[in-house]
Structure formats: C-alpha cells, structure tokens
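Here come two complexes built around subunit A, the first alongside subunit B, the second alongside subunit C.
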Partner chain A sequence: MLQVLLSGLSIGAVYGLVAMAFAVVFYVTRVINFATGQLLMVAIMLTAGLSKAGLPDWLSISVGLTASTAAGVVIYFVAVRPVLRFDRFSFAWLVSTLGVAIVLQSAAAIIYGPTSQGFPKLLNRDNLVIGGASITLQELLAIIVAVVAVVGFEIFRRRTLFGKVGMAISSDPEMASAIGARVTAYAVAAFAIGGLLAGAAGVLIGPITYANPYLGDTYGITGFVALMIGGIERPAAAMGGGLVLGVLSVGANTFIGSQASDWFPFVVVVVVLLLAPHGLFASGDALKRLASGIGRRTATLKGAN
Partner chain B sequence: MSTFLARQSPRSRRVTIGMVVLLVAYLASTFGVANGSYGTQSLVLVAAIFAILALSLDLVAGVTGLYSLGHAGLFALGAYSTTLLNSKFGWNLFLLLPLSIAGVGIVGLVLGFLSLRVSGLYFAITTFIFTLVVVVLLSDFSFTGGLQGIAGPVFPDFPPGLAFLGSSVAWCVGLSLLVTIVIIWSIRSSPLYPVLLAIRDAEPFAAAAGVRTSVMKVGIFGLSASLAGLAGWAFSFLGFISPGQFSWTVSVNILVMVILGGINTRLGPIIGAAFVSAFPVVVSIDPFLQEVIFGLIFVVVIVFFPQGFMGLVGSLARRIRARFRPTAVVVEAVEDDASTPIAYAHLAPQEAVSTTRALPAVDEVALAAKNIVFGYNRGVLALNNVDMVVKRGNIHGLIGPNGSGKSTLVNLMSGRMSPNSGTITADGVRIERLRAPARARRGVMRTFQSAVLVRELTAQENVGIGLYSRFPGIAARSPIWPLLMGARRDSRAIAQKSIAALTSVGLSSGWATTRVADVPHGVEQLTQLAAACIAEPSILILDEPLAGLSSGEVEQVSEILRGLKRAGVTVIVVEHQTRFIFEMCDEVTVLAAGELVTTGTAADVRANERVREVYLGQ
Partner chain C sequence: MQALDIAGLSAGYGRYDVIHDISLRVERGEAVALLGPNGAGKTTVLRAIMGMIKQRRGQISVLGTDVSRMPVHLIARGHVALVPEGRRLFLDQSVEDNLRLGGLHLRRDHERTERLLESVFELFPVVERYRSRPATALSGGEQQMVAIGRMMMSDPDLMLLDEPSLGLAPLAIEDMAQALITLRERGRSILLVEQRVDLALQVCDRIYVLSGGRIVEEGNSENVNADGRALIDAYLG
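Entry: the complex of A and B
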C-alpha cells in the first residue's frame, strides 16, 4: 500500500509538473499549449544527446532545461501571439500549437532517429527503503521538485506584485494593460515557466523512460488528463490532479492488471468531468465540490422531469 | 413586393440552373472516379470521406462556434459499429447505414448535452477526451482487433446490368458526400443559418428572439455527429480499419482541413480535405520531413491566412474587381459616406407593427412583477421586494440612478435570470421560472442597452432572426430547405417582412443590405429594435434604447414608440433621458438602491419629492 502511494506520488509528480506547465500558460494567456509534451521531449532528447557526446550530466541537463524554456518562448512568438492578435477569443491557437508539436516531434525523429536511446542514470541507482517500501532517489527528487514548484508558484502568485498583476491579466488582459501591465512580458514569462516545468518533468522521468521523440505525445496527453482531473483554472490544482492520477494509475496497475494504466486515467477523467466539470481541486475543497456537483445534477434531472 | 419578386426571380432561376449543372458535373466525375485506376480511387475516396467530416465539423465549428475535437471518435464509432455488427452478427450493410447515422447522432447528442453545460473551451476539451477514450477502448479490447485493427466489410458490387457504372464503393462514397453537401448547403441557405451565427456571436440576442440556444447547440452537434457516423459507415468499405486511423490527431487534422480551406464557407472544407488528404501522396518524400512540412503549413496558414484558401480567393477577387471597376467602387464608397447622417426613409408609423391583436381595455394588466427579491451574491440584494405593474397598451418608464437595479429588473422580466423570490406574470400567466426564449415565444421581447448583432450578416438578415419563433419548423426543415416549396415561400416572406420592419423603424432600403459591421451605432440600435418589433410582441422591453443616439435619432425612436402604442403594444422602457421619459410614458416606476421609490403617472412621479431627491437632483 505504501509502495503504491510512494510510486504513485513520484510518477504523479511528473504528471503534475506537465499539468502545471499547461496550467501556468493557461492561467496567464487563456491558451492551452498543446506542444507542452514536446517541450518535455526537447529537454529529454537534448540531455541524452549531449550526455552521449560526452558532456557532464549537470551541463547536459542545464542545456536541456534552457532549451525547453527557450522553446516555450519561441512557441509564444511564433504560434500564439500572432493568432491572439487576430482574434483573442478564437481557438486558432489550438491548431497552431499542435502544428508546432508535430514539427518538434518529427524534427527530433529526423535528428535522433525514431527509436529509444539511453539517458543518464542520474539518481536512479540509489534506493531508499521507507517502512518496507523502496523508492529511488530519482523518484524522491521528483516529489521534492513538485512540492517546490507548487509552493514557489503560489508564494510568487500571492505575495509578489508581479504575481498579483498576473492574476489581473488572467481575468482581463485589456483592463490590465489599461492600468499599465505589460501583458506581453507576462505571457513570455508564462511560456518560459511552462517550458521549464515541462523540461524538469522530462529530466525527472528520463532515467526511467529513456529518450524517445514520441515521449512528448504520451506525457503530453497524460499531463493534459491530469490537468482536467485537477482543474485548469489554478496551477496548484493541476499539480493535485497529477498526484491523484499518479496514485490511481499505480494502484490500478497493482490491483487490476499490468496494462490497466493504459486506460485507467481516461476512466478517471471521464468520471471527474461528469461529476465536477471544473476539476477536483477547482475551489479548494474537492469533496464539497463533488457533493454540490451531484446536488446540481440531481436538481437538473428533476427539473427535466 | 412585385418588384422584389421581379428582382429576385431571375437570380434564383440562375442559382437553380447552376445547381443542376453542378450536380451533373458531380455525378459525371463520380462516374469517372468509379471507372478510374485503383490509385486514383483510393486517393479520391479518402479525400471525399474527409470532406464529409470537414463539412460536418464546419457546421459546428465555423457556423455555430463549437470547436469539436470529437469528430475522430464519432467517425470511429461509425466505422467500427458497421464493421463489427456486419462481421460478428451479419447485419445487413444497408440496414447499418441508418443505424450508424442514428446511433452516432445519439452519442453526439449525449456528448453535447453533457459537455455544453459549462463553456466552449470545456466542450473542446470534453470532445477531445471523448476521442482519446474511444481510441483507448478500441485498442484495448480484443473483439475490435486491438491495435492491429480489423478488416472492413465488402461492399456489394453492382448487378451485371449496372456494371458499366464501375466501382460500387466509389458511388457509395460519392453519394454519401453528395448527401452531406446537400444537407450542409441547405442549412447555409435556410433562415437557420443566421440564427446559428447569432448563437455563435450574439447568444443573448438569439435567446431574446426566442431561440432555445442550448437545445439548438446540442441538436446541431447531434446532426454533425450523425454525418460523422455516415463518414464512418462509408469508410469501413475502404479496407482495414485500426485505432490509429481515428486518433486525436485526426480530429485536429479535420479542423485543420476546415481552417485551411476556409472556415464557415461552402467550398472551403471540401478544398481543405482534398489538400490535406492528397498532401502525403503527392509530396512523397521522407515521412518525417513530410510531417515537419505539414506541421509548418498548420502554423503558417493559421498565422498568416486565418481565413484560409477561400479567404484568399475572396480578397483576391475583390482586388481584381476593384482594378477593373475602379470608378464604380469609388462611387459606391461616396454614396455610403453621403448617407451620413443616417438616411431614414419616410416614416410610415401606422405600419410600425402590423399587429393583428385587438386593442385591449386600457386598465388591464399586461405584466406584473410582485415582491421581487434578487441578489447576485449571497448577502447583497440588487432588488429588495420590488413591485412593478404595467398596464396594457401603456408605455411604462423605468428610471433610477446607476446601480438602482433597473437592468436587473429588466433581465428578470425578460428571462435572462430568475428572481430569488417573487412572481412575474405576463398576460396573467406566471413566467418567472421560464427561460428567455420561452418568454419571447409568449410575446415578451426585449432589446439590449448596446446592440450585439451578427456583424458579418446584413441588417436585413439580422432582423430576420427575430422571426425565428414565428415560422414553425425552421430547424427541422433546414437540412432540405431549398427543396421545399413552402420553405422557399417562407424565405421570401421573411425577407419581405424584414425589409418592411427596417422601413418601419425608419431605415432606408440601402441599410438593409449593408453588413452590420459597416453600419453606424444608431443604425445598429434601430436594427435591433426592428428585430424585436418584427415578431409582433405583446410586451416589448427596451433597455436604454437612446444610449449613444443623436438627437435626430431620439426623435426617430419617439416616433416608433408612438407607433407601437397605436398598434396596442405594451412598452417598458429603461432610460436616463428624463425629458424623453416624462414626455413619452403613461406611467413611470422609480428605483433607487434596489428599492421601489414610487410608481404612478408621469406627472405624479415628476412632482414626487423623493424622486427629485434621489434621481432628478433638483
């Protein structure tokens, strides 16, 4: 049981980081960056490639993270800013960010080949045994990074002026720019943070998955599912969704069957979307929301009768 | 009217002839493909099936503004249900055609009902996840053949006598696309089309015109889903089907086809489908490089040509026309400029509203709001125990300082919201729990403080939306609209009534055919008024009809109100221009800070001490 919890939390932390990468971008710009998974892939591929070329691990990782951060910013300028200028309320960014995702993924397949390659082992060698359950230091690191990311982001958002202006931009960009907020700077920052979080998720999961150009697809979708489970409106809720999804998936694998984690996330997200369309952690108290969601639904049904 | 017909008839005859020519050409090219080489067939048939999908997606995404990412999943349901029910249970393929259309349509209705509760983005996300779930289920079950997929059923060949027609599958796909084109183009030419655009761009306006917008959205998505089911049925005859052919990227590809070709156009989705399907075959290079180029095309088109191919063609055509007729365009522009200030037609007030209702007794109550309590949040009440009784045939003013609750009361009376407690009756019937469209159908119509109309439609088409609830079965008849004699008559009637309504609010015929995006604010407000009047309301609620109007236009509105009163319409008007209110109104209700100050005849209210104190500032 403890083993399920620990493994679940560590993989959930990775899902949560990807979900947070989606959510930070959405929070400021109201755009879902569908190339988020590919940013994770960029960090993994570069780190693997450089380390294979003989660079020390810390340097390859730094370059990988810098690249995914920069790629996030490039996506904003190439695929998002122009379409938002044309029409802020259209969904054109959906297609343009997916276009970027296809380009990144296929370009990586051309450069590195479509098959998996080695990834530095990092902390994956060392085990820690807690109460009968074992966890690698790499997995522990994932949980720690996730906690730091959420706490750091929340402090930043609530306690600094920069964060508060970000909240203002998220609710009304035109009003915020009228009071002097530099909307573009915030959007760039959001895409950069998104790229960094996705890249961090990549470096954390790399030693387990190895490096493959199609990892972006897998983790992008799982991160997106985690985002919908937690709630798209708040980055902290997205992380919560990731952790819930991680524990449930590992639990399903353990108790149902080894392939269960292929389909189980989708069952979870469908149930969540039906009962609490805004996500489990949308208003802080998951149970209260669930209860009120059920209440509303029965009321609607009664109304229909 | 006779001039109108004389002007329209040759044009509609030309359209009919054009359509027949197009149909013959279509059938001839289907014949060509059916007798063509295997390579041509597989290319064209796949493109045609994606054209069905793109057309059905454009109906929800382009016309109604709902970005569905569920079309790959719906497509998969159609293909897999046909294949499995045929191969496992031996069901007849032609029985499976209506079944897959209806079945997938029902799935679409359920999906739409569940996902349209929240917002447009939520709809896109839910349908996206729907596709993911369908693909996961198809991959993980053994009876679907898993990831390897399953061989589709064999479509029966033509009997020997008809063998000259060539491949039967080509005809099957060709006719499926033809049916789809007929349905989509019919809707686009029916009076439902402006209504759908209004749902996309101006939902409150559509609801106020009596359109049940949420039902309509679910219904349109259901229709679109059933067309995706049709595409799936036809696709199953093309050979092997596997989950990879229906992944979420296919949903996005369909959307890309729509955008590449031109969103919300007749031909755009077909052109986009042809381009995207042909691209990998025609450009046969390294598959990864091909993917890179394909992704770059997405981005470049979205960023530089958001209107797609048809948008490019349109702007090119305009430029060419401008080159060949430079003087004509200049003259047109000058004429447009010269028409400011707004060139109103001579007013014909007796025609303002041709209501057939008998003039009622003056003291009868038309609308009564009793003990209305309403708060936007817990704690603060926007309206506290407010009464308002409007007598039939009166013009009833509603005034008060900003924030006094006037607009809230109007929204409660018109059905945008329902009160926490209290009753509202119209013509003696309780309506406070009815939604806006239901109230509009009961004859309670409204206008908005600042008009939000469909900017890409003309004033006349916008006004026609107001008639939606007056012509039965527009939605049901729309998929075959031009083929119905009665429907064409209705189209003409709607056009005539719309022009008449615009004339009755004093807008000359030049404005009727101008796009609302290009008209001044005053004309937009009067268009909105015409859209409310055209449905012959018994009670008309006007929310600040004078906001932003010039003094000439104010006189115009006064004249229209007098005409409405003569026709027996009860009018409730919220306004800040007190001179207008006290001149026009029989009775006036005054609100302040969510409480009733007084109500009575205009003269009494004007003399009231508290009204002078809280509102008039005298």
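Entry: the complex of A and C
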C-alpha cells in the first residue's frame, strides 16, 4: 500500500505540475493553453538532444527549461494575444493553441524522428527504501519539486503585492487595469511560468518515459484530467488533482490490471465532475464537497424512485 | 488647466456609437455631475475617459495631457481613478488589500501610501474596523466606502464615480454624499454620474444632462435648483 502511495505521489506530482501549468495560465488569462503538453515535450526533446550531443546534463536541462519557458511566451504572442485583441470574448484561442500543439509536435517529429530517444538518467539510478517501499531519488525529487511549486506559488499569490495584483486580474481584469495593473505583462508571466512548470514536469518524467515527440499528447491530456479533478480556478487545487490522479492510477494498475491507468483516470474525472463539478479542491474542502455531492445525487435518485 | 476637457467625443460598442459629439469640462477642484436616464450613455462617457472603450472621434485631456489613445493602466497611473457601477471590488481579497491595490502605482512611496490609507480610515472609520475582513463580507454601503477608498488610495487628480448611490439604503447614500462633499472640499476634481438628481445637486457645482447620447443641458447646480429643475425632470422622467 505504501508503495502504491509513494509511486502514485511521484507520478501524480508530474501530472500535477502539468495541471498547474494549465491552471496558472487560466488563472490570469482565462485561457486554456492546449499546447501545454507540447511544452513538456519541448523540454524533454531538447534536453535529450543536447545531452546526446555531449553537453553536461545540468546545462541540457537548463536549456530545455529555458526553451519551454520561452515557447510558452511565444505561444501567448502568436496564438493567444492576436485573437484576444481582435475579440476579447473570443474562444478562438482554443483552436489556435491546439494548432500550435500540432505544429510543435510535427516539428519535433521531423527534427528528432518519431521514435523514442535516450534521456539522461539523472537521479533515477538511486533508490531510497521507506518502510519497505522503494522510491528512486528522481521520484522523490518530483514530489519535492511539486511541493516547492505549490508552496512557492501560494506564498507569492497571497503574501506579495504582485501576487495580489495577479488575484485582482484573475477576478476582474478590466478593473485591475483601471487601478494601473499591467494585465499584458501578467499574461506574459503566466505563460512563461506555465512553460516552466510543464518543462519541469518533462525533465522529471524524462528518465522514465525517454524522449518522444508524441509525449505531449499523453501528458497534456493527463494533466488536463488532473486539472478537472482538482479544480481549474486555483493552481494549488490543480496540483491536488494531479496527486489524487497519480495515486488512483497506480492503485488501478496494482489492484485492477496493468493497463488500468489507461482508462481509470477518465472514470475518475467523470465521477468527480458529477459529484463536484468545480473540482475536488475548488473550495479547499474536498471531503465536504464530495459528501454534499453524494448527498445531492442520493436525494435525486430517491426522488426519481 | 482643466482637470478634464472632453471635446467632440463620439464612442460606442461594436459599430454603433452610443455617445455623439460630447464636450464637457471639469475644472480643478470642481465637482461636476453627469445626469441622464437609463441608456443615455453616462457610463459610456466614463468608460471612454478611462480608455476602456475605443473612441471614434474627439479628444480627452486630463490636466492638459491627451489621454485619447492611452491604454487603461497608463490612464490610471496618470492619476485618473474610477469607482465603477456595482463597485467591482476584488471580493476574494481583504478590505485592506483592496485599498492598497488602489495605490498600486505608489507602491514604492510607502510613506505616502500609509498617509493615504490613514485619510481613507479617517473618512470612513468603519472601513478601518473591517480592514482585515474579506471584501465580500461587507454590506453594499460598506463596499461602496471601500470602493471610494480604493479610488482615494491612488491620490488621483480626477475622480470618476459611476452611480455610487445605486442599490444603497438611504442612510448609506447620505454617508456617501457626505464623503463626496468632503472630497470636494479638499479640492478634489470629481465627475459624478448619477440618476439621483437630489444627490448630484447636493454634491456638485455644475451639472450636464445627457439624453440619447448627447448633452442637452448644462449649468450651475444653484441655477438648476432655481429654474432648470423642471427641464431635468423632463429628461430624466
């Protein structure tokens, strides 16, 4: 059981980082960047490519993370800002970010080829045994990075003036602008942070998955599912969704069957959306929401009978 | 130099103009009311001044600076502050955070920010009592005080208020009117959009009447009290 929990939390931390990347962008701009998974892929492919070319691992990773961060900003200027300037209530970003995702994926497939490539082992070689369960240092690092990301973001959001301006932009961008906030600068920062978080997820999962141009689809979808489970309104809730999804997926693989994690997350998200449509952690009280959701459903069923 | 000078302003939404060829001015230290019935275009005038909608023709100057093509945040930093209709506080943040956000562009001037905060608390003691409460926990009248306080925190040269009496109880309206009179007496320049003629005449030195997107009447509040009341009533219904 402890093994399921540790393995689930480590993979869940990666899902959570991708979900946070979605959520940070949505929090500030109300846009869902459907190329988030491809930002993860950019970091993985570039890190793997540079490492293969002989660069030290730390330098390859730094360049990979910088590239995914920069790519996030480019996506804002190429695929989001123009359509919002044309019509700020437009949903055209939905198609334009998907278009960018396809372009990035195809470009990576052309440059690196469609097959998987090696990724630096990093800390994946060393094991730690806790209470009979084993975890690699790479997996432990994923959990630590997730905790640092959530705590760091929440401290920034709640304790700094810039974070509070971000909250103001999130709740009323026009009014925030009317008090002097530079909404565009915050949008750029949100896309950059989204790119960095997705890139970090890529570097953390790379030693396990290896480098493949099509990884973006897999982790983009899983990250989005985690976002829906946790709640889209708060980045910390998105991370919570990732951790829950990770534990449930590993649990499904262990107790149901080795391929169960392919379909189980979608069952979970359907159940969660039925019982708590805003996500498990949207209001900060998952159990209360879940209980009230179950209560409502039961009452409805009784009424129907 | 005038606090606000609007000349030949036309603006609207989509392809349609809502206000046509508006010209008005607010002298420094003067309180001016913009009266008119629903749909007359009062809010559109304020939104155009703040740069929230693109104007099609005309010029808007604040203290001699042309702000016609400026983005909203630069107009705000250039010392124009707005209390919008419905207050639009940042409800998930505390009262004090809302106030401090109003003084965003003064964030490096801690002394001035603290002084402004004190002046808000002096004008609205109840706001100081509730400073750590979330803004959403306040009544409508208290939220309006916070909205006016947020506007004061930027130490603006020009204050724009959009129907501040809307949805408030009579006592809260009276408190709010007193606060606006105090601000006027302190030499603030105010453009007040209102539907309540009595409140506008109580607070302001001059009035403009807007109907169908055009200015149809202007004059001093005192004259209006004597002669023009019937005319305003005719326009406001």
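The rule is short, and it goes like this: the second predicted complex is superposed on the first by the 293 of 305 C-alpha atoms of A that agree within 3 Å, B and C clash if a C-alpha of one lies under 4 Å from a C-alpha of the other, contacts with A are read in each partner's own complex, and residues count from 1 in each chain.
The rule is short, and it goes like this: a residue touches a chain if its C-beta (ideal position, glycine included) is under 8 Å from a C-beta of that chain, and two chains touch if they have at least 3 such contacts.
The structure displayed is predicted, hence computed values, not measured ones.
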Touched partner set for A:171, first subunit B, second subunit C, both or neither: second
Partner chain in contact with A:275 - subunit B first, subunit C second, else both or neither: neither
Which of subunit B and subunit C A:161 touches, first, second, both or neither: second
Partner chain(s) touched by A:180 [first = subunit B, second = subunit C, both, neither]: second
Of subunit C and subunit B, partner touching more subunit A residues: B
List of subunit B residues in touch with subunit A within their complex: 67, 69, 114-115, 117-118, 120-122, 124-126, 129, 132-133, 136-137, 139-140, 248-249, 252, 255-256, 259, 286, 288-289, 291-292, 294-299, 302-304, 306
Subunit A residues touching subunit B - in the complex, by the definition given at the top: 78-79, 82-83, 86-87, 90-92, 94-96, 98-103, 105-107, 109-110, 114, 221, 225, 228, 232, 259, 262-263, 266, 269-270, 273-274, 277-278
Subunit C to subunit A touching residues, read off their complex: 50, 52, 71-73, 76-77, 81-82, 84, 88, 90-93, 97, 100-102, 104-105, 107, 150, 154
Parts of subunit A lying in touch with subunit C, wherever the complex brings them together: 161, 164-165, 167-168, 171-172, 174-183
